[in-house]
Amino acid sequence: MKSIINYFKEIFSGLKSLVKGMSVTGHYITHPKEIITQQYPENKATLKMFERFRGEVVLLHDENNEHKCTGCSACEVACPNGTIEIIPKRIEIDGRKVKAIDQFVYHLQMCTMCGLCIPACPTDAIVMANTFEHAVFDRSKLTKILNKPGSKIMDGIK
Amino acid sequence: MNNEEIKQFILDHVAEAECMEGSQFLQVTIPAEKILSLASELKANPNTSFDYLFCLTAVDRPDHMEVVYHLKSTTHNHQFVLKAKINTRENPEIETVCHIWRTAELHEREAYDLFGIKFLNHPDLRRLLLTDDWEGWPMRKDYDDPINMIAY
Amino acid sequence: MEEIIHDQELESKEYFINMGPQHPSTHGVLRLVLSLDGEIIRKVEPHLGYIHRSIEKMCEHDSYQQIVHLTDRMDYLSCHINNEAVCLAVEQALELEVPDRVKVIRTIIDELTRLSSHQLWWGVMGMDLGAITSFLYGFRDREMITDIFEETCGARLTMNYNIPGGLFFDIHPNFQKRTKDFIAYFKKKLPEYDTLLSNNVIFKQRMDGIGKLSKEDAISFGVTGPTGRASGFSCDVRKHHPYMAYDRVEFKEILDTKGDCFARYKCRIAEMWESMHIIEQLIDNIPEGDYKVPTKAVIKLPKGEWYQKVETARGEFGVYIISEGQRSPYRLKFRSPGFSNLSALDHMARGCKIADLVAIMSTLDLVIPDIDR
Amino acid sequence: MNWLYDFSILTQSIHESLSGNFESGTVLLLEMILAGVAFMILFALLGLVLVYAERKVSAFFQQRLGPMRVGFWGTAQTLADVIKLLMKEPLMNKNADKFLFNLAPYIIMIAAFMAMASLPFAKGLQALDFDIGLLYISAVSSLGVVGILLAGWSSDNKYSLIGALRSGAQIISYELSVGLSLLTIVVLTGSLQLSVIVESQANGWWIFRGHIPAVIAFIIFLIASTAETNRGPFDLAEAESELTAGFHTEYSGMKFAFFFLAEFANMFIVSAIGATVFLGGWMPFHIGGWEGFNNVMDYIPPIVWFFGKVGFMIFMMMWFRWTFPRLRIDQLLTLEWKYLLPVNLMNILVMAFLVLMGWHF
């Protein structure tokens, strides 16, 4: 007799647990306000990344098209993946030959966004930007030259 | 048991063991031939009962190979590092411990895969991480892979 | 006639199935070769290495700061804890004492990482058993933690927030508020996990008594983390070798003795409560101070060797550094919890059905990059 | 507007106009073609609507929005998917049994068609009204498993084979429960003819009139029919986390779409049977004595009632699917042989006793 009671108890407790489980999903279908989907390209205007988000390395330029990079290669050394390549050149400032950058080459395809290059920079020339849409149609487009054409080093940066 | 007692215990069993108080654990180096007898003793003896092998790895030294066993006892809560020194780099061989600590089976396969150390009597000694037709032992210091070079 | 009868007798013959490298329940590129007798599993043989990147070899050429970011890519679900292992080893070797503030922040983020990892595990676990809805609920809650990470650490998954000697940045001003909000929110949502899956009769029956692992086997296989603790193996590094702020918080080590899938499941759910408990104790008491101690640009460890273990969401993660005094380690070994946990899979799955293997795998909570390295 | 309430007027007029123009053999042929075309259109529409509904319902269960991009609120999503599936390359394993491999999806579709033929959609809207209609449907709807078994066998894939065998064991077992739970109501109606079953519920649906045994039978039917359609917690034949995709692992393109469509068609069929037998088919909801209320209910066309009830059943099945984890094969058989079948047998006895004593309403 006991086993028969247990048998029915089992059925009822089983059914009860199933109904309870269904109540959880049932709660969400009756509360459409709790939908968490974000429709990405449509909400672009309101979408804001957190300021510390590491998207890609950029070389800061001011309004005079001047940057702070001296070409010291500290970031190149700090980078674990060989993402940054500094091609230096010699320029003349006040009659002295000084090392400067010719091209600041940045291989986005190799970057792991670890951010080690940022604190390595002695002049705070590079920062991490918040951009996150890096998809391009051609891999070669991922190799970027960060210093803008015609830009030069800011005065007083050594 | 404290480090001193473990040291004494090992010296009783393997006279030629070299002990060193490392920065963290007691490090004991023994010849590779002695590993099986010492390991079974360390596991079986109720005073030591090192039943938990939490790390097994190999080190490639300039003139010899080492297999490093990090041992811990879950009952006595003491731990130490056992190093088995294999005197050759050409064709290193050592007895397996995988029937003493079963976790060693995969760890030894990994060590074989990356260092080329042959674990004798291992039930299934094959390449683990690399493909079966891989040539060479990548974690050795003299391994040269011109295709997948690390850029420096 | 006899011959014909003999021919027609049903002989059971073992056959093989390749589960993976592309398979919905292997969570990555793990390949299991199953020997099957009907649906009963006779043998499971893992074939690894599909995403082997030889991180240990790469570490032999990298500076210690750079090694830290490589550990992100191993167990990506507990990346912060992995980072911490390397940082702790380096700090120990350099005999650096990090400020209290760093210790507390690291502990909080450790526990947040553990929570987010367990949330993902819970979702994926449900999905492996066919309850796809749990996957989205798990991710919904995890999203809040990744937002906290993104705001403070600058990335959602591979955060690289630890550096030898401290942290990359100080915490964001919103960090405490967000974390408290999350704890309040998740305390309401976690019972929902129980009603949806844990108490479900189908779920219970699928997990109960499946994939048993005894305590002796767990120790012998080196199975750690919630998986080992469900078998009664007291292996919580946070308790046995406290690091960071774990010696000043009060928490329980979740232990079970049954060692089956359901015990492992319950252990992880209980661990989520414990993690929230730890965070609650610390979040209001972050001491003031520096967020890092200055280190040299080129860190050179003295000659010697160090082994540092930490408790990741999957178990005991160890870093074994042998230094010869150079800027890179002479040899560096990562003892990854998944690797040892996986070795017990064959032992646990023999005699089970294919559906059980899926349950066992998801309660082992394997992360394949962690195993392959 | 009268034809909306009684389709026999419409069908009769079509029949008469055809009879006036052709001889009887041609009329029969033309009518068969007409009915066939109508069912095909219904089939396609069902596929489109149900796939969309499944996606949306599952999305709302999971706090998502579901398809939103193609058409208004993603309504054209299924259409886009059909086009995609049509353009896909039909691949086949080298060692697959080509004939059976190609045959399998059609068998499943044909089984679904045959079952659908005898469903009473509304008054007078029924292609075949056998006097053993219920028996016919339960016989035909289990034919689909032949297609699944063939698909699994001929694919030359072990995953498919395991899935097919699982499905075989499952459907053979659950066919029993479906049949017995339907029989419980047949005890009440005393007829297997679907139109008679529907007519007998004019004064109230059997689920209300049959006391608790009818409710139990309904619950059992709901569980067993979900299992019979290989859905929800019983989708062992597919079991995507264990067997990748089970019996249709190797299918692609349009042949895969047939399996996909058949799943939804089967879901519709079992829901329709359930709605017909337990919930009164196209009969409106009546409460004895409330004349005004009953008149309002009568005003809603029967076809709306029918599809509403079917929709309710389908929604329940979706709810199961998106809540529960999948059963293991031994659990599945335990559930059937240890729980559903004994309860069902007992239930049928109780029902027979009730009917014998005349205690039902």
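Note that the chains are named A, B, C and D in the order they appear, and that numbering of residues resets to 1 at the start of each chain.
The working rule: a contact is a pair of C-beta atoms (placed from the backbone, for glycine too) under 8 Å apart; a residue touches a chain by one contact, two chains touch by 3 or more.
Just so we're clear, the structure is a prediction, and the values are computed from it rather than from any experiment.
The chain with its Cα centroid farthest from the Cα centroid of chain C is D. Across the assembly, the chain pair joined by the most C-beta contact pairs is B-C. Look at where the CA atoms of chain A average out and do the same for chain D: the two points lie 50 Å apart.
Averaging Cα coordinates per chain places chain B and chain C 25 Å apart. Averaging Cα coordinates per chain places chain A and chain B 41 Å apart. Here the spacing of chain C and chain D, counted between their Cα centres, is 45 Å.
Looking at chain C, residues 133, 140, 196-197, 200, 202 sit in touch with two or more other chains. Residue positions 61-64, 322-324 of chain D each touch two or more of the other chains.
Residue positions of chain A touching 2 or more other chains, listed in rising order: 18, 21, 24-25, 36. Across the complex, chain B meets chain C through its residues 22-25, 27, 51-55, 57, 59-60, 68, 70, 74, 77, 81, 101-103, 105-107, 110, 114, 127-131, 138-139, 150, 152. The touching residues of chain D, when paired with chain C in their complex, are 58, 61-64, 158-159, 162, 233, 235-236, 239-244, 322-331.
On the side of chain A, the complex with chain C involves touching residues 13-14, 17-18, 20-21, 23-25, 36, 49-50, 52-54, 78, 80, 112-116, 119-120, 128.
Across the complex, chain C meets chain B through its residues 48-49, 52, 54, 56-58, 61, 92-93, 216-217, 219-224, 233-235, 240, 304-307, 309, 316, 318, 320, 322, 330-331, 333, 335, 339-340, 342-344, 347, 372-373. Every residue of chain C that touches chain D in the complex is listed here, in rising order: 15, 17, 23-25, 39, 126-133, 136-137, 140, 196-197, 200, 202-203, 205-206, 353-358.
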